[in-house]
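In structure tokens below, several structures.
What follows is a pair of complexes built around subunit A, which joins subunit B in one and subunit C in the other.
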Partner chain A sequence: MAIGVLLKQVPDTTAKIGVSEGRVDETAVSKWSMSPYDEYALESALRLKEAGGEDVVAITCGPTRAAKMLTDAAAVGVDSLLHVLVDDLSALDSTQVQSILAAALGRADCDVVFCGKQAADTNAGSTGPGVALLLGASCVSHVSEVSPDGGGYLALRASTGGDERVQVSAPCIFAFDKGDEELRRPNVRGIMMAKKKAIETISPSDLGVSLDNSRVTVVSHTPPPEKPPGQKFEGAESVATVVGKLRDEANVI
Partner chain B sequence: MDVTVIADSTADGLNPVTAQLVGAASSIGGTTTVLCPGGVGSSQASAISGVAKVISVEGDCFGTFEGGAWANALNSLATGELILAAASPRGRDIAASLAAIRKIPVIQDVTGLEAGMVVTRPIYSGKAIETSNVSTPCVITLRANAFDDAPEGGSADVGTVNQSADVGLAVKEALAKASERLDVTEADIIISGGRGMGDPSNFSHLNEVADIIGAAVGASRAAVDTWDEIPHSMQVGQTGKTVTPSLYIAVGISGAIQHLAGMKTSKYIVAINKDPDAPIFGVADYGIVATWEDALPVLKSELAKL
Partner chain C sequence: MAYEALDFYDIDALLTEEERMVRDMVRDWVDKEVIPNIEEACREGVFPDKWRVDLGEMGILGAPLKGYGCPGLSYIAYGLICQELERGDSGVRSFASVQGSLAMYPIWDFGSEEQKNHYLPGMATGELIGCFGLTEPDYGSNPGDMITRAEDKGDHYLLNGAKMWITNGTTADLAVVWAKLDGVIRGFIVEKDDPGFSAPEMTGKHSLKASVTSELVFQDCQIPKDRILPGVKGLKGPFSCLNNARYGISWGAVGAAQSCFDSAKEYALSRIQFGHPIASFQLIQNKLSWMLREITKAQLLAYHLGNKKDDGTWIPEQISLAKMNNVDIALEIARMSRDIHGANGILDEYPVMRHMANLESVKTYEGTHDIHNLILGRHITGIQSFTREP
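Entry: the complex of A and B
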């Protein structure tokens, strides 16, 4: 058995997103990074291994460029890397991606899985619960901390009434929110070792997943509507004017 | 079209977004059945105009939240061609799980919905908008405050169905909520502070303003990362919460791209910042160049006069 970590490479959150001919222009993205919530999931998986857990397998589904992110994951201590090569992820709907990831987790023999609560590009949040359903696993979402507890795990999660510590056993998936522990930085030795680390690259059909037509068709991407320029005032005394406008022009208070 | 709405609730009752789910369903000509997990809010739901039927779904599983278990319990009743839930943490979990069980597509965090199932949603935290066609049956979650509330005035029948499912996790300890304040994702007015507040104790001034107008208090990533006293649950932005309130007041927030991504679809934005060149003024409807120390006392007294 192994600890699985699902990672997605996304445009860095500091990157500008441009739209060209009705589609987000990926070639204009200045920097690609591991999705931020996935970083918290990865750090927690590494800590679980260090607390006596199994080896950590990082799995991604994406184009060739995503291999760099797997190498980055190896540099901080991931033991093995599995890349399901899909050139255009946006052509797949979330159920298709979930089928691929569930099959990849099965192949890597993972019974405990870490992922981000949502990716920083699609912002959906369907992967954790969807993959859990396919695997017959429990999904604990909005997790910020996981620790071993007897034969199972204790996870700290956000809930509607405050945080909760919940107990769960494998098979299970932890979908991470921002945790307390940032992803560790690689050291030089880690970076050198990671360069030599083999990435197992396979296709969805190698996993026995046949991709029927996506039931979601993207019609277009557009830039967000531009706001007309606002009004600007100098000095604290203008607050009264603004409050008046919020009441009379905007009708929001 | 038959629409199943999954009510969004806390222990205290329905969240306001539930009436927006019904409003969106009615706007595309849907015949709406509302499912109330654990029976919470069923009488409230029956009073929403446009609801044809309310089913109070009662079962042991609803005592502990697990999206997959709740979805399994709701599944046999979620028979609509369109299943609508809130894009809240719980709503998203239930929606993704239901879609996986029923092997149908799911689209999360939708801000525009047309019959024929054309949906629009922000991607890259609002840096672009995606329009898609989705085939039915499907599950769609809607962002709070992106759709108009269905009015009150309904009187739908309320039925009760006992239906549970196995829960794979157990709550060992419930920790006190960091704040009893309204959550930013549910609030119609938000006042947020950034690192320009100088010290986390100064957020008390934001709390005072919030109390006057019933607002939630948010924070920028810089504030959350700098001060332990400001919890991540308050963070608005790309790695925090995305919000669409009627009014967003940014105080001492410079306006990093990650923050703007989380709040710039607010209907009205007020920015208070001492730096006239701060990027936050680029998205503000009303910008006030002043220090928070000078501006907040005036804001408090002016709001108190209303």
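Entry: the complex of A and C
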């Protein structure tokens, strides 16, 4: 058995996103990074391993460039790397990606799985619950911390009434919110080891997953409307105008 | 916006994946730990101890050295580390240069097996800090005439003299000190608690304010016989160390220049005068274009020299050229960037004035700009012009 971590490579949250002909122009993305919630999931998985858990397997589904993210994960201590090569991830719908990931987790023999609550690009939030459904596993979402608890696990999650502690046993999936522990920094030793770590690259068909046509079609992407420029007022005579705008336009008073 | 380094000729594509990963690790660290805290460190005149711990944990101290717990990275990777550290501050790069190239390197190259095993693993993790004592109050560019002496007293050596301008001196656990034994320059390892050794901090600097600079004083300082570096005699010892440190500086200066360029570009695009961003004016564009041109040339010098360091085909004069040129253009870029920032350029809200003041030191230490010209002059003509002696 192993601890599985599902990782997705997304445009860095600080990268400029351009839309060309109704689609996000991926070739113009200056920097690709691990999705931020996945980083919290990865850190928690590494901590679980250090607390006496099994080896950690990082799994991603994506194009060739996503391999770099797996190597980065190896540099912070992931034991093995599985890359399901899919050239155009945007051509698949969520359920197709979930069936690929569920099959990959089965192949890697994972009974406890960590992932982000949503990816920073699509923000769909369906991976954790969807994979759990396919695997018949429990799913705890919006988790910020996981610790071993007897034969099972104790997960901390925020709820409207305060913090919830949820006890689950394997098989289970934890979908991570922002946690207290940021992903550790790599070091030179980790980087040297990562360089030697092989990435197992396979196709969806190797996993026995046949991909029919996606049932979801993205019609178009549009950039968010440009923010209107700020307004500047000077002098005491503007007070009434500013108060009016704060009340009627900004709705803050 | 995340920092995007100026890389006009796509040097990134020439790096190995390992080199890029090391560079990105240090780049992230500088963004998270150095840049938000550097102004406070400068105001207080301290090198935060957390930085020492972090540099040790990242495993980048003594980067190109192999074995004895050292990282064993390429010289290109070492250069990239220096570049990123100095993008934060020359003081941070100085700390790493002194630890790796000036303190660890001589022990690694000229030390006994026992010395290497005893000191290097702790120095690689940052648990032991080293410094390097060559320059004296009256002997800077001319270290060969140093006054510091060692005497063989049978069961120990006795050191007398003083060193000055020693980075990390006061905080160091050990110093690699160059002194004359029977008229021949030799290297000695002095530990902080050795009797007769003190390292008072120098104060009042307008430059490298986040770096510790000290004197080393030896007054009948007794050290055990096994602390002499057995593997080298003469100026070759300290000069070998300086070659490595100067090589690192040639990359570090690029980092400082990139930071100044970045700040100037952002400022010029957002600063409105006469109804338009100043970036739209020809004089500003001319300055930015000159910066890009000189940074690109400096990057190519540093990168090519790095390859020569890695394949062992370099000569010291090539290092002199790169150190001299890259620090020179970095300082000029810092001044020009300060100019573009107008009055705002003197504030610590922007990094440029700090880089400018730092680079004045960097231009002078590790062989002054002019001394490197004389090294090249000797190389070209075959005639040394350092001294009036034949």
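Going forward, the second predicted complex is superposed on the first by the 233 of 253 C-alpha atoms of A that agree within 3 Å, B and C clash if a C-alpha of one lies under 4 Å from a C-alpha of the other, contacts with A are read in each partner's own complex, and residues count from 1 in each chain.
FYI, a contact is a pair of C-beta atoms (placed from the backbone, for glycine too) under 8 Å apart; a residue touches a chain by one contact, two chains touch by 3 or more.
All figures in this text were calculated on a predicted structure; none of them were measured in a lab.
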Sharing subunit A, do subunit B and subunit C clash or fit in the superposition?
fit
When the two structures are overlaid on chain A, which partner does A:P186 contact: first (subunit B), second (subunit C), both, or neither?
second
Touched subunit A residues, subunit B compared with subunit C
B
Name the contact category of A:A194: first (subunit B only), second (subunit C only), both, or neither.
second
Would you sort A:E164 into first (subunit B), second (subunit C), both or neither based on which partner it touches?
first
So in the superposed three-chain picture, is A:T14 touching just subunit B, just subunit C, both, or none of them (first/second/both/neither)?
both
Applying the document's definition of touch, where does A:D72 land relative to subunit B and subunit C: first, second, both, or neither?
second
Which of the two partners, first being subunit B and second being subunit C, lies in contact with A:A51: first, second, both, or neither?
neither
Based on the superposed arrangement, let me know which partner A:A28 touches: subunit B (first), subunit C (second), both, or neither?
neither
I want to verify one number. Taking the Cα centroids, what angle sits at subunit A between subunit B and subunit C, in steps of 10 degrees?
120
After overlaying the two complexes, what is the shortest C-alpha distance between subunit B and subunit C, in Å?
7
Could you tell me which stretches of subunit A are touched by subunit B in one complex and by subunit C in the other?
14
In their shared complex, at which residues does subunit A touch subunit C?
12, 14-15, 30-31, 68, 71-72, 75, 185-189, 191-192, 194-195
Over in the complex, which subunit B residues touch subunit A? Could you list them?
10-11, 64-68, 71, 89-90, 92-93, 95-97, 99-101, 103-109, 118, 122-135, 138, 168-178, 189, 213, 232-233, 235, 238-240, 242, 246-247, 257-258, 261, 264-265, 267-270, 272, 276, 281, 283-291, 294-295, 297-299, 302-303, 306
Within the complex, subunit A is touched by subunit C residues 1-2, 4, 17-18, 21-22, 25, 28-29, 54, 57-60, 63, 71-73
The subunit A residues in contact with subunit B across the complex are 11, 13-14, 16-17, 19, 24, 36-37, 93-95, 98, 117-118, 120-134, 137-142, 144, 154, 156, 158-169, 172, 177-178, 215-225, 227, 230-240, 242-243, 245-247, 250, 252-253
